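There are two complexes below, and they share subunit A, which is joined by subunit B in the first and by subunit C in the second.
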Partner chain A sequence: MFKKLSAVMLGALASLNVLAETAPIHAFVESRCIIQTDMAGTYGNPNAYTLSTAAEDGGDPVVIRFDVTLADSYYAEITAPQEFSTSPIINEVMTWEGDTTVKTVSDATGMGEYETNKVELGMLDRYDLIATGSTWFETSSKVALGGDKAFPGGDYTALVTAECIAK
Partner chain B sequence: MALLLPCYSYSNSVVPYYGTTGNAVVDNNLVWDMGNVFPAPPGLTVQNVIYSYNIRKSTEDRVDVSVQNENALGEGYVFRETDSWLPGSLDNTEINKAVPVMNLPKEVWGKGSIEVDGNGSVENANVAYTYRVDPCYDPQYSPSCPGYKVPIPEPVQVEYDVYDADEHADDTQYSPDDDSLEEEEKETEEEKEKREAEEKLDSKERLEKALAVANTNLLFANSFAQAQMLDSVNTATRMNAYYSTSIDGGTYKEELSIQDKQLPDSYKGLRNGLAQQVLHEKMVSMQYGN
Partner chain C sequence: MAKLVAVGVFMVIVAFSWNAASHEMTPTYFKMVPSHVDNVYRTKVNVYNRRNDIKYYEIGVFDADFNPIPFTSLYRIVKVDYLSEVNIDIYIRSDAVNKAVYICSKSKLRKNIKFLTAVASRICSKAK
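So, the complex of A and B:
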């Protein structure tokens, strides 16, 4: 009887001495693909029902720079806007157009064919970033209000989305 | 205070500064002279070449574009970057490139150019150089520069008017006074010969006197020098005997002693005193006619 009791008590004491520890392992991975807006765009207003970033319409296209330090590891996906992020209330249907092109490269041999080899999926343009260096992409946007109605007065903002997608 | 200290030391030292040139491409020839590109200060080294241009070509063509600078101190190029625009690259694509160079001094940077090889061309070319200037390249730029030496002022060059006796040798024959010149012109030939003969004689006598005085002085100087030499030799001879003599050590006791207790009068003195007395009495007696 005494032996059993002792065994039970030892078991209880042993269970009190069990400790758990967790040790964190930290890491910081610096991205090998950095996106920067070199120039924010502006819409020109060539007529009452059109907003355009084209220079001839008085606008400026968006210029986005991709800096890649690891070759053949990323896609650049740039999507022209299809709606306003801020604007007065518009009840009419809008027609959006947008396109992205390679404006400038830092390596003619490695990046010269980016524009030729790009893949277009609607408003999204995908580029295979096979070379290291910087590439400047220019995105244009044009929106027209349906029925040739005039845009209401106010501030309008549309966003171009640029992403680095790892392969 | 701790934050201010580094700032203080920084502001007191001469630090290098950095800059970027303007566009070196000034015309459509795509050739430029570096003498007009870099600023003047010495100690300039180039760090990067930054260039951009738009390639004009057909998509199916290959065009090689080289941006380059010749070696000003030798053959070849100090910088040459070639961009190969392969078939498939689109027309009017811009390239923007920064190429680091290893701080090459500006002296080696020769003529720059953009060379196009292939069926194409470039537009909107822009070539700029980023540079670093070390003001202490010349240590005398500032006392804060390492190796600075305090400048020693140049001695002032004084222009002396050196009298040239040869040049004015003939002048002694003439008087600066116009009147004397006129008088001399009035001299007859006979007077002139006489005067010249006298002057010649005087000149000879003066020369003899001068030589005699010179000889006398020379003899006097030689005699004086010889006397000084003998005197110094004699001095050495006299003094050396003292230097070489040694005196034995120890105690020298007095040995003189007087044994007589009474000193008697000298007989010679007694005789002298008596003679004096006799003489005295004789003289006294003479006063009284005895």
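So, the complex of A and C:
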């Protein structure tokens, strides 16, 4: 009787071991900083020698959203374009202008100072993302061809770079 | 209570906009551990692609001033299909491991994209 009971217990223990070896443990670690392109933006062509994302020039500014779920851990760095990534051959000098501003925030109290406290380094704007939540940034871009010469016909693409850098 | 409502509103916003084009990378802080090869350290990052205009991401390792650090991975430019995740192993020599401060993934845009302006996204993890 005692022998039988021991055998059953040993068998149960052995089967528990087998179960423990094959039981998976799953985890999903969510990303703490997400960069979303809400609007890719377009250039308007108000005159022959200017391309501009301003609404009054017929363009749309780029809107990028940063979702942060870890406070005070990331910088957002957004760089307005300073050249075309694709374009027809242009021999004239181009003058680039660009700026990034905070458009909307999900937490006005924690993020209210983002625009005031930003650091500008040329076309690059750096924001210290001290609070959790979403921040929408709007980047405008304008390029004029030197000597008021017309842009040649063709496809033009300029890149806005959005970076989320851990502190 | 107000904070709870704010968090709730944020989560609803995130939930409703989840389909938007986004680039994600984990972990925020990476840790180099010895690999199976002598004098070589290893870490792993995950890249999630929710940008339907992007299929490839470039991986880079940088020092504190964003100067590139030599590293090895299976591919420098990794194909990450839309709505999928890729785990990337990164190997760094022991003499360079202390210089590695950032691991970044940067979206690679195709030349034939139709937008007049486009967004290149880059996310950088930092060494622990």
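Worth a mention:
As a convention for this text, the second predicted complex is superposed on the first by the 137 of 167 C-alpha atoms of A that agree within 3 Å, B and C clash if a C-alpha of one lies under 4 Å from a C-alpha of the other, contacts with A are read in each partner's own complex, and residues count from 1 in each chain.
In the analysis below, a contact is a pair of C-beta atoms (placed from the backbone, for glycine too) under 8 Å apart; a residue touches a chain by one contact, two chains touch by 3 or more.
All of these numbers come straight from a predicted model, not from anything done at the bench.
Using the contact criterion defined above for the overlaid structures, shared-chain residue A:70 touches subunit C, although it does not reach subunit B.
By the document's definition of touching, both partners, subunit B and subunit C, reach A:134. When the two complexes are overlaid on their common chain A, residue A:145 makes contact with neither subunit B nor subunit C.
Of the two partner chains placed around the shared chain by superposition, subunit C is the only one that A:81 touches, whereas subunit B remains out of contact. In the superposition on chain A, contact of A:113 is made with subunit B only, not with subunit C. Touched residues of subunit A, counted separately for subunit B and subunit C, are more numerous for C. Once the two complexes are laid over each other on the shared chain, residue contacts for A:123 go to neither subunit B nor subunit C.
Within the superposed three-chain model, A:164 lies in touch with subunit C and out of touch with subunit B [touch as defined at top].
106-107, 134 are the residues of subunit A that lie in the contact sets of both subunit B and subunit C, per the superposition on chain A.
Of all the residues in subunit A, the ones that touch subunit C in their complex are 29-38, 40-43, 51, 53, 59, 62, 64-65, 67, 70, 73-74, 81, 85-86, 106-107, 132-134, 141, 156-167. Those residues of subunit A lying in contact with subunit B across their complex are 102-109, 112-113, 115-117, 134, 136.
Across the complex, subunit C meets subunit A through its residues 6-7, 9-10, 13-14, 17, 20-29, 46, 48, 50-51, 53, 102, 104, 109, 111, 113, 115-126.
The part of subunit B that touches subunit A in the complex is made up of residues 52, 55, 59, 65, 83-86, 88-90, 93-98.
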